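My questions will all concern the structure given below.
Letters are used for the chains, namely A, B, C, D, E and F, taken in the order the chains are written, and counting of residues starts over at 1 for each.
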Amino acid sequence: MGRYEDFQAYRTKMNCRILGDDTQRGHHPDGSARPGGTLVTRRFFGLDGKTYEDGALPAKTKEMLGLVASMVLRCDDCIAYHIDQCIQAGATDAELWETFDVALIVGGSIVIPHLRRGVEFLDEARLKG
Amino acid sequence: MGRYEDFQAYRTKMNCRILGDDTQRGHHPDGSARPGGTLVTRRFFGLDGKTYEDGALPAKTKEMLGLVASMVLRCDDCIAYHIDQCIQAGATDAELWETFDVALIVGGSIVIPHLRRGVEFLDEARLKG
Amino acid sequence: MGRYEDFQAYRTKMNCRILGDDTQRGHHPDGSARPGGTLVTRRFFGLDGKTYEDGALPAKTKEMLGLVASMVLRCDDCIAYHIDQCIQAGATDAELWETFDVALIVGGSIVIPHLRRGVEFLDEARLKG
Amino acid sequence: MGRYEDFQAYRTKMNCRILGDDTQRGHHPDGSARPGGTLVTRRFFGLDGKTYEDGALPAKTKEMLGLVASMVLRCDDCIAYHIDQCIQAGATDAELWETFDVALIVGGSIVIPHLRRGVEFLDEARLKG
Amino acid sequence: MGRYEDFQAYRTKMNCRILGDDTQRGHHPDGSARPGGTLVTRRFFGLDGKTYEDGALPAKTKEMLGLVASMVLRCDDCIAYHIDQCIQAGATDAELWETFDVALIVGGSIVIPHLRRGVEFLDEARLKG
Amino acid sequence: MGRYEDFQAYRTKMNCRILGDDTQRGHHPDGSARPGGTLVTRRFFGLDGKTYEDGALPAKTKEMLGLVASMVLRCDDCIAYHIDQCIQAGATDAELWETFDVALIVGGSIVIPHLRRGVEFLDEARLKG
């Protein structure tokens, strides 16, 4: 598996662990059901999804906003997720590179290692398209 | 002076101190000229301006990217600057509030005090329009 | 007004601006109603309040968790807010100072200026008690 | 080895490299002893341990404070360490999930990838109990 | 009072509140002595001072290290403190501007508002010299 | 390959992908050339290199400034890069450990896991010298 599949598989597995029902969350060694995300956690995940829906701004722009925020906060998984969402919303490479520019200038050279991994993920994600 | 004029006046004064010529930078008590920004600093300021020019993405979108990055990194002056630039590039209130949404969800409740000051600045900036 | 009243008054005014109804949000110069927080923003504020209610952990502990998170992320308004909430939930000074310890050790000397302002706020808040 | 053992083994090895005596720190290729942590570094490590001892707040609460601080600052190793310490201090799953809530709401969606890895670590740590 | 005196006066007052003895810390409205910093807090402040003493690196270099760290973490008070310490350790303007360069490039444009306030503080501090 | 070679090889490969010419950047599945870094990105990388050249401060000091900034911002790749540059500029172990001290005190215990990995990298880099 490449990085693209690894990322998607782990994200799905752990979201299921956090948000799933009793069966999906598994059991502790003593047989008791493992607790999962609280009502607050579940609502936050729901709200997170709702944030990027089409509105006054199209979903594509919102995903680019999510991408630049993830880059300056330097979270590789969040960057990978939003690059994938940007592609699915129709963002071109030229649009993504200009989004990278804003992240680089606002966030500085500390963003560079995350840019490298983001570009590698972008190349792999384009191969799945 | 309201916060809008304070912000613009201080920004202009200090950019002049950092990027200006010998006359603009003033003198030390001993009469020697105060040094200002190095070549690296000057080039960085130039590059910063260039980042938000129209390209594959319009300036308005780039300014919203700059705004969301500033909000999650929680810099009030940067937020004020990009709100002002968004307005000048034609962003509507509805577009700005959806940009605030992404910042709030990605960055969490720690963004809220900056959102309050950003909204106050937005209201004042609209009065100047 | 001292810092305690300033903080509370500004917070109330701007929350009203963001979450209030049409009358509370005021109007643009052209007479049109100012938009306020979107549905996402409003739900996030609601969820934020819900997070600190009594549960498996008492509200007091949750407010101390909110305080330490605010200190290491270095947001003065959030620190003031959670100190006030900790006091209302019955936290003692000794408990607050040990919370400050964790923030200082995890977050480092960069937390110190925020600790100074937090202690000043604490002293003022105790005077209102 | 699972992630739990990897984490503990690496932490022990490197703490020994930083804080150990001449024998434990090893040698440079030229046979000279490798320097380790300075007096400042050693005292900081000592102070760090002292911070979480029982006081006005019980160790369990302090470890939850350390956990929430680590989550909003997004350090996976620190999260793993404090989850382990919380468990040893008797924290229940319900208490840990409410600690996760505060981290998620204060720190935003950027915390989610760290929550996923934290939950995975928690499940593995419970299996060792 | 200018910003330089304000900064020094507030820092002295609050350090006295945190680290001082019973008399210096004042009293609660009910006449009981206000608690101050715990042993952990006091030791941390002591260790912080010790970190910048001459060693393998001269104090001047260490203060520049403290300055660049404060700039990329964007703490105005910490920046002011280390600029003052750099001046007292003999740093030239040229050395300080190259330190600013590193902060600007590593930390990005989000550092700019802090650079503006740092330069203003530097100019005022030079007037006291 | 050890971590030292892995780091250097990945950095070289991705910088080539971002800054290289058409041949070096490769092609999309449809045969079209992959875009690379924009003019802003390329200039930023150039400016980044220029920042650490000898000036009023020697390159060695600037690299230590870059190192402490990278440590408090907690970027492992940036830490590895600047440790390597410090070594090539002649920094001694004693100087590096005092740089670590400043990072640890300013940034707090959240820096510790990055210190562990930095020390491991330092030991490996010294073996190449």
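The rule is simple: a residue touches a chain if its C-beta (ideal position, glycine included) is under 8 Å from a C-beta of that chain, and two chains touch if they have at least 3 such contacts.
Quantities reported herein were computed from a predicted structural model and do not represent experimental measurements.
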More C-beta contacts across B-D or across D-E?
B-D
Equivalent interface to B-F (more than half of contact pairs same by residue no.) among B-E, A-C or C-E is A-C
Shared numbers divided by all numbers used: is that above or below half for subunit B and subunit C, i.e. same or different?
different
Quick check for the class: compute each chain's Cα centroid; which one is farthest from the centroid of subunit B?
D
Between subunit C and subunit E, how many degrees of rotation does a Cα superposition need? Round to steps of 5.
120
Length of the line joining the C-alpha centres of subunit A and subunit F, rounded to whole Å:
25
Inter-chain centre distance, subunit A versus subunit B - centres from mean C-alpha coordinates, in Å
27
Based only on mean CA positions, could you tell me how far subunit A sits from subunit E in angstrom?
38
Note the residues in subunit C that touch 2 or more other chains, in rising order.
38, 40, 44, 47-48, 51, 55, 69-70, 72-73, 78, 94, 97-98, 101, 104-107, 109-110
Draw the chains as points, connect those that touch, then say whether the picture is a line, ring, star, complete or other.
complete
In the complex, the residues of subunit F that touch subunit A are 10-11, 14-15, 17-18, 26, 28-29, 34-38, 40-41, 44-45, 48, 69-70, 73, 75-78
Within their complex, subunit F touches subunit C through residues 72, 104-111
Spell out the part of subunit E that touches subunit D in their complex, as residue ranges.
38-40, 43-44, 47, 50-51, 55
Under the definition above, what is the set of subunit A residues touching subunit B in their complex?
47-48, 51-52, 55-57, 61-62, 64-66, 68-73, 78, 92, 94-95, 97-99, 101-103, 105-107
Seen from subunit E, its contact residues with subunit B in the complex are 74, 93-94, 97-98, 100-101, 104-105, 109-110, 112-113, 115-117, 119-120, 123, 126-127, 129
